[in-house]
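Quick heads-up: structures coming right below.
Look at the two complexes coming up: chain A is in both, with chain B in one and chain C in the other.
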Partner chain A sequence: MGLWQTLFPSGLFTASFMQNAWLAGTAVAALSALVGFFVVLRGATFVAHAVPRASFAGAAGAVLAGGDTVLGLAIFSALSALGMAALGTRRDQGQTTALVLMAALGLGSLFLALGGAYAPEVYALLFGQIVGIGRMDVYAILGLLLLALAATALLYRPLLWSSVAPDVAEAKGVPRRRMEILFLLLVALAATAAVPIVGALLSFSLMVGPAAAAAYFGRSPGQALGIAVLIGILSIWLSLVFAYDTGLPVGFFVAAVTAVFYGLGRLWAHLWQIERGRGQVPV
Partner chain B sequence: MLGFIESLLAAPTVAPALLIGSLVAVTSGVVGVFVVLRGQSFAGHALGDIGTTGAAAAYLGGLPALYGFVGVGVLGGLAIEGLGERARERDVATGIVLSLMLGVGALLLYFMTQRTNATGGPVAILFGSIFTVDPSIMLPVALFSLLALLLLAFLYRPLVFASVSPQAAQAKGVPLQGVGLLFMLALAIAVEESALVAGALLSTALLIGPAASAVRWTRQIGAAAALSALLGLLAVSVGIALAYQSYFWPPGHRGWPVSFFIVLLVLTEYLLARLLPARAARRVLPRREEAA
Partner chain C sequence: MRNLDPVRTHEDSVLDLQGVAVHLGGRAVLHGIDLSLRPGEFVGVIGPNGAGKTTLLKIILGLLRPDEGTVQVAGRDVRAARSLVGYVPQSFAPDPDLPLRARDLVALGLDGARWGFSLGGARRRAKVEEALSWVDALHYADQPVGRLSGGELQRLLVAQALISDPRIVLLDEPLANLDLRSQGDVVALVGRVAHVRGVTVVLVTHDMNPLLSVMDRILYLARGQAALGTVDEVVRGDVLTQLYGHHVDVVRVHGRILVVGGADAESLTCGTCDG
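== the complex of A and B ==
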C-alpha cells in the first residue's frame, strides 16, 4: 500500500483547493484540446504559443492599473488575436505573429517596470498555480468551455474545411477571413481560461501536445478531436497527481506528459507506417 | 543634441551596451532576412525561449550563462530540424520541442527560486537587460557573431536557392537537409547571443522585425540583409538613448525598460514598411505573402 499512498495521498481529492483544481483543470484541458485540434490542423502552433504569452502583458497591465488580472488577460488575448488577424495573411503568419507578440511583450515589460510588480505574482502568471483556484474561477472556466463548445458545434464543418483546404472551402462559400478570425478568437478564449492555471508559458502545451498526438491516432477528424480531448484530460490529471505528490510546478508535468504522448503518437505511426494526417482529411 | 550624445556616451553603462547591442543587431538583422525568406519565424522565436532554459540550467550548474544559451539552443535547433523533416510536421515539432523545453525551464527556475529564495535571478534571465551586460562576454559574443556570419557567407548561394525554390534546388543537387541544418546552426548562434545580451523578448524582435521591414523595401537579398542590419542598429541605438533619457521621466527615477523602446522602434519601422512600400523594388525574391 506504500506506493499507492505515495501516489494518491489523502488530500489529493479531498482538499478543497484540489477539488477546484480537478474541476478547473479538466475543463481547461478539454477546452485547450478542442481548440488545439484546429491549431494543429491549421499549422498555427506559433499562434497558440503567442496568444497566451501576449495575454501575460494584459495581466501585468491590470496589476499596474489595479484592475482584475483575468480581465487584463482576456482583453490582451483578444486584442492580440485580432491584431494577428488584421496584419497577417496565411502565408506570412509567422512574421506577423512574432511582431504582434513582440508588441504585447514590449508593453508588458513597460507595465512590469512601471508597476514594479511583485515578482512572485509575475512568476505565478508565467508558470501557473493550481493552489489559488477558487470556486468562482471554476464556474468562469466552465462558462468559457461551453461557449467554445457551442461555437465549434455550430461551425464545425466550415471551420474544419477552412482549416484543411481553405481554397475548397472558399469555393464552397465559406468566408476565409471570418473563419480565421473565429479561429483566433477561440485561441484567445482558451488562453484566457488556461493562463491563470497553467501559466502563460505552458498553456500552450495543453493546446498543442494532445492534438498533435491525436493526429497520429485518429482515423477521422472527429475521432482525432475526441482522442485529443481524452489525451488532454488524461495529461492534466496525471500532472495534477504528480504536482501534488512532488510539490513541483504543474506546468512542468503538463509539458512533459504531453510531450510523452506526442512521442507515443510518432512511435505508433512509425510502427504502423501511418502518415500523419490520415485522420485529418474530412470526407 | 551634441551635448546629449556626449553625456550619453560618457555614462559608464551606455557605451558597452551600445557596442554589444550593435553587434547583436547586425548579426540578427542579417540572419533574420533568411529566417523571413524561409518562413522560420516560429523556430527563430522558439530558440530564444529554449536557450533561456539552457541558461537556467547553466546557472544552477554554476556555468557561464553564454554556454547554457548556445549549447542548449544549438541542441534545440537540431531537434526542431530533425523532428520536423517533412514540412507538415515542422510546425508541430517546433511546438513540441518548445513546449517541453519551457516545461523544463519552469522546473529549473522553480529550483532557482527555492535555492536563492528570490525571483530576481529567473526574472533577469527571462527579461534580460542590455545595461547590465558583463563586459567579459564581449569577446565571445563577437566571436559567435563572426562564426554565424561566416557560416552564412559560406552557405549563401545554396541557401538562397534552397530558400527561394526548394524543389528546383533539390533537382539541381543542392543538399537541402545539410543546408537546413547548417543554417539552423547559424540561426541558433545568432538568437542565443542576443537572448543572452538583451533577453529572449528582444532576440525575436531584432531577428524578425528589421528583416520583415527590409524585404518589403528591397527584393534583393544582399541589399535586404544590409538594410535589415541597418534598421536593427538604428532601433538598438535610439532605443538605448531613449532608455537612458527615461530615467528623468515619470513615475520617478526608475527608468523605462530598454526592451520597450527597442520593440517600439522595430514595430514602427515595420509599420512604415507596410504603409510605404517601395514601388521600384526589384523583384528578385518571390512575394511570399502574395503568392497565396
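== the complex of A and C ==
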C-alpha cells in the first residue's frame, strides 16, 4: 500500500484498454522520436507541426464521407507532405508549409461544417484518445513503426548527410530533392500513427520534444537518435501513469513531460559547456 | 578559350573539358571551354561574379549537363566518375547544438552516400582517424562541429572531401569567410595535402593573391570564356584585356597582383578585395 499503490494501481497494467495504450503509446513514441531526430537535424520543426494538423482535415473528410478516419489521416498527411515538397523553395520553406497547412485547415473546417456540428471521432483526433483504441489499432501502429524503422535503416546515411551538409551530399550523389520528399513522407507516416493516439494538436510535442532534448545529451548522431527514442518512450510511459492516476488528459502530460526533458537537455548542455570552458586554455 | 599550356597530354589528364558550352535562360554562361588538368596540380579559378565559376563547378560535379561538349574525369564520363571528385562547399554553418562530432562529419565523406547504416568497425575508424590527421584535426575529433571555428570546420571539410581518395577535389570559395591568417593556413594545408596525395586541386576564389605561392596554374574566367596557364602567362594586361573584352591593366605591388579595369571597371574583379 501507500505511495507505490497510489502511483501504480493494479488496473494500470492489467486493464485491457491500458495494455493497448501501453503498446500503442510505446510504438508511437518510438516512431515519433525516430522521425523527430531528422526533423530536428534539418531544422524542419514547422513541417512537423504542420503535417499532423493538415492530416486532421483528412479525418474530417473521412467522417463526412463515412470512411475510415485513419485512412483519411494517412491520405491527407501524405498529400500535404508532398505538397510541401513540391512547392517548397530553399529560401523559405516556412511560407509554402504555411500555405499548404492553411489550405488543409480550410478544407477541414468545410468538411466539419458539412458533416454536422459535432463529430466525436473528429474531436478525439484533435486531442487524441490513447485509452480508447482497440487491439487492431495497436497492430496497425506497430506495422507503421516497422515500416518507419525499415525506411530509416535503409535511408540512414544518405538522409543524415543530406540533412547536415546538403551541398556536399548532393555533389556526391545524394539528391537533395529526393531526400526532402522521402523525409516528408516519413513525417507523414509518423503523423498518421501519432494523431489518433496523442491528437493532431499535441503529436508535434512527441515528434520534436524528445529529439530536441536528445540533441543536447547525445554527441554523435547515433547517440542522439538512441537517446531521442528513449526519452520519447519514457515520456509516454510517465504520461500514461500520470494520466491514469489523475484522470487528466494524456496529451497534457506528454507536452509537459517532453518540455521538462527539453529543459533538462538545455541545462545539461549549459553545465557541460561551463565545465568544458573551465578546462580550456585561453588562446 | 586560350589554352596557353602548350603540352596537352590527354593520357594522364585528370579532368578533360572539350568544347563545353552552357546556355541558361538564353544566355551563354560558358562557351568554348577546353581544358585539361594534370594529376596533382593546384589550379586557382578566378573571375568576376557571373563569369561562370559556379556553373563550371556544377559541370565538373556532374550536377549540370553541358549543352555542348564533353566532360571527362580520369577518362570516364563525369557521371560515372563521381567518386573520383571531392567537393568542399562554399558555406557550412552547423547549428551549435548539432549532435555531430568532427569525426562523424568526416566519416560521411567516406560512405555517406551508401544505403543503410554503418556499424562502425576498426577499419572505418582508422580511415577516419587517418583523414583527420591529414588536416591536423585529430585533437578536436570528438568536438561537436557546431562549436568549431571557421578554419577548423574548413579543415574538416577538406578531410571529408579527401577521405574517399578522389583524383580531383573542388573547393568553392573556401576562403570567403576566413580572416587573412586562416586563409593562408587553409591554402597551405590544401596545397600540402593535395601534393602529398597526388590530388588535383581546383580552388575557386575571388582573390588570387593568397594562392600565388601554391598555385601551379590559374584558370581565369570572364564572360563565359576561360584562359588557363601559369600566373605569368595569364595574368597579363594583353591576355586579360582580350578575355574581358576591354582594356585591363595588371599591376604588381609588394608581391601582390592587382587587376585594374579601364572605362568599364564595374564589371571587373578586384584583385585585392579580401573576401
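For this structure, a couple of remarks:
Just so we're on the same page, the second predicted complex is superposed on the first by the 268 of 283 C-alpha atoms of A that agree within 3 Å, B and C clash if a C-alpha of one lies under 4 Å from a C-alpha of the other, contacts with A are read in each partner's own complex, and residues count from 1 in each chain.
Heads up, the rule we're going with is that contacts are C-beta pairs under 8 Å (C-beta built on N, C-alpha and C of every residue); 3 or more make two chains touch, one makes a residue touch a chain.
Everything numeric here is computed off the predicted structure, so don't read it as measured data.
Model built by superposing both complexes on chain A: chain B and chain C fit together without a clash. Of the two partner chains placed by superposition, only chain C is touched by A:Arg157; chain B is not.
Contacts of A:Leu201 after superposition: chain B is touched, whereas chain C is not reached. Legend: residue contacts after superposition of the two complexes on their common chain; A:Gly94 is shown touching chain B, with no touch to chain C. Residue by residue along chain A, chain B and chain C are tallied for touches, and B comes out ahead.
Once chain A of one complex is fitted onto chain A of the other, the partner contacts of A:Phe252 are limited to chain B, with no touch recorded for chain C. If you stand at the C-alpha centre of chain A, chain B and chain C are 80 degrees apart, rounded to the nearest 10. Using the contact criterion defined above for the overlaid structures, shared-chain residue A:Ala165 touches chain C, although it does not reach chain B.
Touch criterion met: A:Ala269 reaches chain C, while chain B stays clear of it. Contact with both chain B and chain C is seen for A:Gly43 once the two complexes are overlaid on the shared chain. When the two structures are aligned on the shared chain, A:Tyr216 is found in touch with chain C, with no touch to chain B.
Of all C-alpha pairs spanning chain B and chain C in the superposed arrangement, the closest lie 5 Å apart. Across the superposed pair, chain B and chain C both touch chain A at residues 43, 215.
Every residue of chain A that touches chain C in the complex is listed here, in rising order: 41, 43, 153-158, 160-161, 164-165, 167-174, 214-216, 218-221, 223-224, 269. Within the complex formed with chain A, the residues of chain B that make contact are 36, 39-42, 44-46, 49, 88-89, 91-92, 94-96, 98-100, 102-107, 109-110, 113, 118-120, 122-123, 126-127, 201, 204-205, 208-209, 212, 251, 254-257, 259-260, 262-264, 266-267, 270, 274, 288-292. By the touch criterion given at the top, residues 61, 63, 82-83, 85, 87-92, 94-95, 97-101, 104-105, 108-109, 111-118, 142, 144, 157, 160-161, 164, 170 of chain C touch chain A in their complex. Within the complex formed with chain B, the chain A residues making contact are 40, 43-46, 48-49, 87, 89-92, 94-95, 97-99, 101-103, 105-107, 109-110, 112-114, 116, 119-120, 122-123, 126-127, 199, 201-202, 204-205, 208-209, 212, 215, 248-249, 251-256, 258-259, 262, 276-277.
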